[in-house]
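What follows is a group of structures, each given as structure tokens.
Below are two complexes that have chain A in common, paired first with chain B and then with chain C.
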Partner chain A sequence: MKGRTPFTLYGLLAVMAALAAVASFSGVATTVLLVNLLVFAALAYSINFITGMTGYVSFGHVVFMAIGSYSLAVLVSTYSTSPFEGIALGALLGGLFALGIGAVTLRFRGVYFAIASLVLALAGYNLVLQFPQFGPGGELIFYIPFQPLTVFFAIWGIVVAEIVLTFFVNRGKVGLGIRAIKDEEDAAAAAGVNPMKLKLYVYMLSGLFAGAAGAVFAWSTFGVNASSAFDLTFSLQMLAMILIGGMGTSTGPLLGASIVYLLYYELLTYPRLQGGQFLVVGAAVIVIALFVPDGIVGIIRRKYPSLKPVIE
Partner chain B sequence: MALELRDVDSGYGETQVLRGVSLKCGDGTITVMVGPNGAGKTTTLKTVNGLIRAWSGSIMFGGEDVTRLHAFERVERGMASCPEGRRLFPRLSTETNLRLGAYSKRARDSVDETLQDVYGMFPRLRERAEVRVGRLSGGEQQMVGIGRALMAKPSLVVLDEPSLGLAPKLIGEIFEKIVELKKRGLSVLLVEQNAFQALNIADYAYVLQEGRVVNEGPPSQLMDREELKKAYFSIE
Partner chain C sequence: MPAVEVSNLSKSFGGVQALRGVSLSLGESEVLGLIGPNGSGKSTLLNVIAGVQKPTSGTVKLGGRAISGMRPDAIVKLGVAKTYQIPKPFASMSVRENVAVAALYGRRLRSVGPALEEADRTLAIVGMGDRSDLAAGSLTAQEKKRLELAKAIATGAKVLLLDEVFAGLSSEELRDSIALFRKMHEELRFSALVVEHVMRAVLNVSEGVVVLEEGRVIAAGSPDQIVHDERVVQAYLGSKGVGT
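Let's look at the complex of A and B:
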């Protein structure tokens, strides 16, 4: 592990550089598509920190995304700040909420953690409706100039940061401890790993980045409303993306996000195929979960072991 | 004294398992706990290594009160354990499993030397270094479990049923390794169903029944005692 050339990291950063070039030199439609794609990639990397790495399924992960969306929407619409301050606040609050929530819910294992996180998302939705600061029906809309390229580079920077962090967390001592937790938490504790500390650390990262991504999402849609901000479909899509791509890996979330996003929002949007996206993505998730639980990265790893240094 | 439990109560949730267990494990000795299924042997070990907390009583380790410490903090102080059913990381390789044993600050710096040392003790594991632990045989897995405990550079090793599910020939081999640990100056606390064989290598032994220590003494004394048979077979 040590001293090996980080081909994977170089490769991913090259892909990101290529996306930046495409966005800079092509039309608005392409840039907007790439913004949406990267918002999904950012969400996939964020849930990857907790669910991909530790195996704790964060069903209600959308709650951190919503925290970010409302952070930006409130700052921009009520206090007229720049969207970047909204992203910073979204990331900060996302991380802090993850720490607070995780301190309690990460004590539950398996399905109990998943249920607790789901309940939080439902509670969040109802809480938002109680406060007039979040607008009537939890809806806030703001009018700022349309700058697709600025939005693009905001989400681009977030995804690059996530890729680098995922890579180094996986390689380091934290990653070793986390793999042990995922395999056998009690044995990890008996081996000297502090499971609570490591789980909180990655959960905090995952809340932070989901918050940042949620903020950019609100920016790109010029507002937020409660029913879509807390839409559990987002949670499911995030899970589908890392499952299809490869849980816990640094390549998987980008791969999975591209596949799910393109299938869902671009390729299967003909009126005649309405609803078909659910079927296709759902079927893909089932097939992958049954036959290749480590996703596309897992398939490549097994079929072409020589590619291992390039994809891991 | 390497380890001392004083009047420890412990259990899971509402269910009390241990009722006032007191025991000692001398420096550089092998202390064995025997008793029938459900006597509380594994619960005792989990309370010792910190996977569950004692309800009352105290646990002294190397002269320090560790009753309230987490499992990882006890590892940091030199207590390593090989939990029941080995509790390895089945999807990680043999070497990664071993390296994880040296996760604590105490052991981290010398991990490469300790690894060579463990391979020296279990040459078979060197051959299997890159293999996923889930694919190893039962005997090899047991070696990984003990090896992983050694990676923590412990002064006390806590072993739960190292003979579980092994062929008789392998059991002998594992027991020889346990004696080797003692020769290296480590203290060993061992729980075994395989009572008679365990008593053969023990310096001191405790008989547990229904969460209580019902008998204790040097093995020579215990071996003949009717109590032991009674504890195991309920022969009156």
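Let's look at the complex of A and C:
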């Protein structure tokens, strides 16, 4: 565990470097596709911090994404700041809300936490509609120059930060404690782990990065509106991504995000298949949940143990 | 000063009074056996001392300092560790990692490396060195019990609360385990409260015995006094006597 060469990290960073090269030297359409893909990856890494690592299912995770989207949209549309300030505020508020919410809801075990997080997302949606600051019907639109490459590097930086953090959290003291909590929370406490402290820490990271990703999402779509910002389908997709890729791992979210994104938005968008994406992704999730609970990373780990250091 | 001083401790679960004003004291390096019929409150007493459950009333002091009501992880860091009667290993993690968690957090180590080394030392002491890399979930019931013991020791605790770690062993295994326990006690000089049904284990490892019945202490004394105590023989040992 200690002193092992971090092949996984090098590999992931190499993939990220390749994506940066492709985005820089190809057309706008490709760059936009990669922005969308990385927004998904950023969200997958974000939910991975809480659900992947601890097993606490954050069904309403979209709420943190929405916090980020509105942070950026309000700053840019009302106060004409740069989008980067919007991302910073989205991350800050995402992290703070996660701390505040988690201090209460992380005390609930299992399905109660999942339901509490779902209720919060619904409450958030209705709350946004009450305040004129968030626009009529919760819709804010802004007009700023179209800069796909700038947006790309914003979300790219976020994903790189998530990859590095995931990797080192998993390897270190917090990672070992978190895995113990995931397996047997009471016994972890009886061994000296403070479960609340560790869960809050990863939930805070989770909220922070979902906020940042949500802000970039608003930037890339030049606005935000309540029904899509709080769309629970996003929560489900995030969960599908880490399930398919491999919960808690540092490779899984990027793998899962690529698969779900490409299936959902690129391959299956022919008119004949409208709605079919749900079926395909849903079926994939069920098969994986039934037969390989640790996702694609789990399959590779079992079939090719020698690849372990490269994919974990 | 005693290591642990329990005063007038009570605990109820809804209508069930599991502990009714239990008092006892455990000296430095003392090994105290805790016996009693099923449901007499032995596990509950350990859970309350360890902070896993909150007392309804009464206090627990560690070296003179009140610890009742504190979180279990805080109590472990002060030096009190318990094992679970029904083992609760971190099933997906290796045996070594299981013990490393206890060393890392119980001893407040900074990083994983030293915790793994501590885990290796502890596993060697309890004779599980050859099991290090197995997933804890795949161990046999007996090995899981021993892993519980390894985790408790790895926290660096000076006070061990052991819940039936000798249960279910064959005669030879029991002999080995008792020898192992004595050797560990010799080396580490911990205090221990040892819950046990196996009389041979209780009589062999403990200097004193406390008997619980329906949440009350009905007798306390040396093993020899206890096996001849009229009330104990009636309440607990029944007509079977103290054979094994």
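The definition used in the following text is that the second predicted complex is superposed on the first by the 312 of 312 C-alpha atoms of A that agree within 3 Å, B and C clash if a C-alpha of one lies under 4 Å from a C-alpha of the other, contacts with A are read in each partner's own complex, and residues count from 1 in each chain.
In this section, a residue touches a chain if its C-beta (ideal position, glycine included) is under 8 Å from a C-beta of that chain, and two chains touch if they have at least 3 such contacts.
As the structure is a computational prediction, the values presented were derived from the model and not from experiment.
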{"item": "Partner chain(s) touched by A:G172 [first = chain B, second = chain C, both, neither]", "value": "second"}
{"item": "Contacts of A:A29 with chain B and chain C, given as first, second, both or neither", "value": "neither"}
{"item": "Chain B versus chain C as contact partner of A:L290, first or second or both or neither", "value": "neither"}
{"item": "Touch count on chain A, higher of chain B and chain C", "value": "C"}
{"item": "Touching both chain B and chain C, residues of chain A", "value": "173, 176-177, 179-180, 183-184, 186-195"}
{"item": "Contacting residues of chain A [partner chain B, same complex]", "value": "173, 176-177, 179-180, 183-184, 186-195"}
{"item": "In the complex with chain A, residue positions of chain B that touch it", "value": "49-51, 70-72, 75-76, 81-83, 87-92, 96, 99-104, 107, 148, 152"}
{"item": "Complex contact set, residues of chain A against chain C", "value": "1-3, 171-173, 176-177, 179-180, 182-184, 186-195"}
{"item": "Touch list for chain C against partner chain A, complex", "value": "50, 52, 71-74, 76-77, 81-82, 84, 88-93, 97-98, 100-102, 104-113, 115-116, 151, 155"}
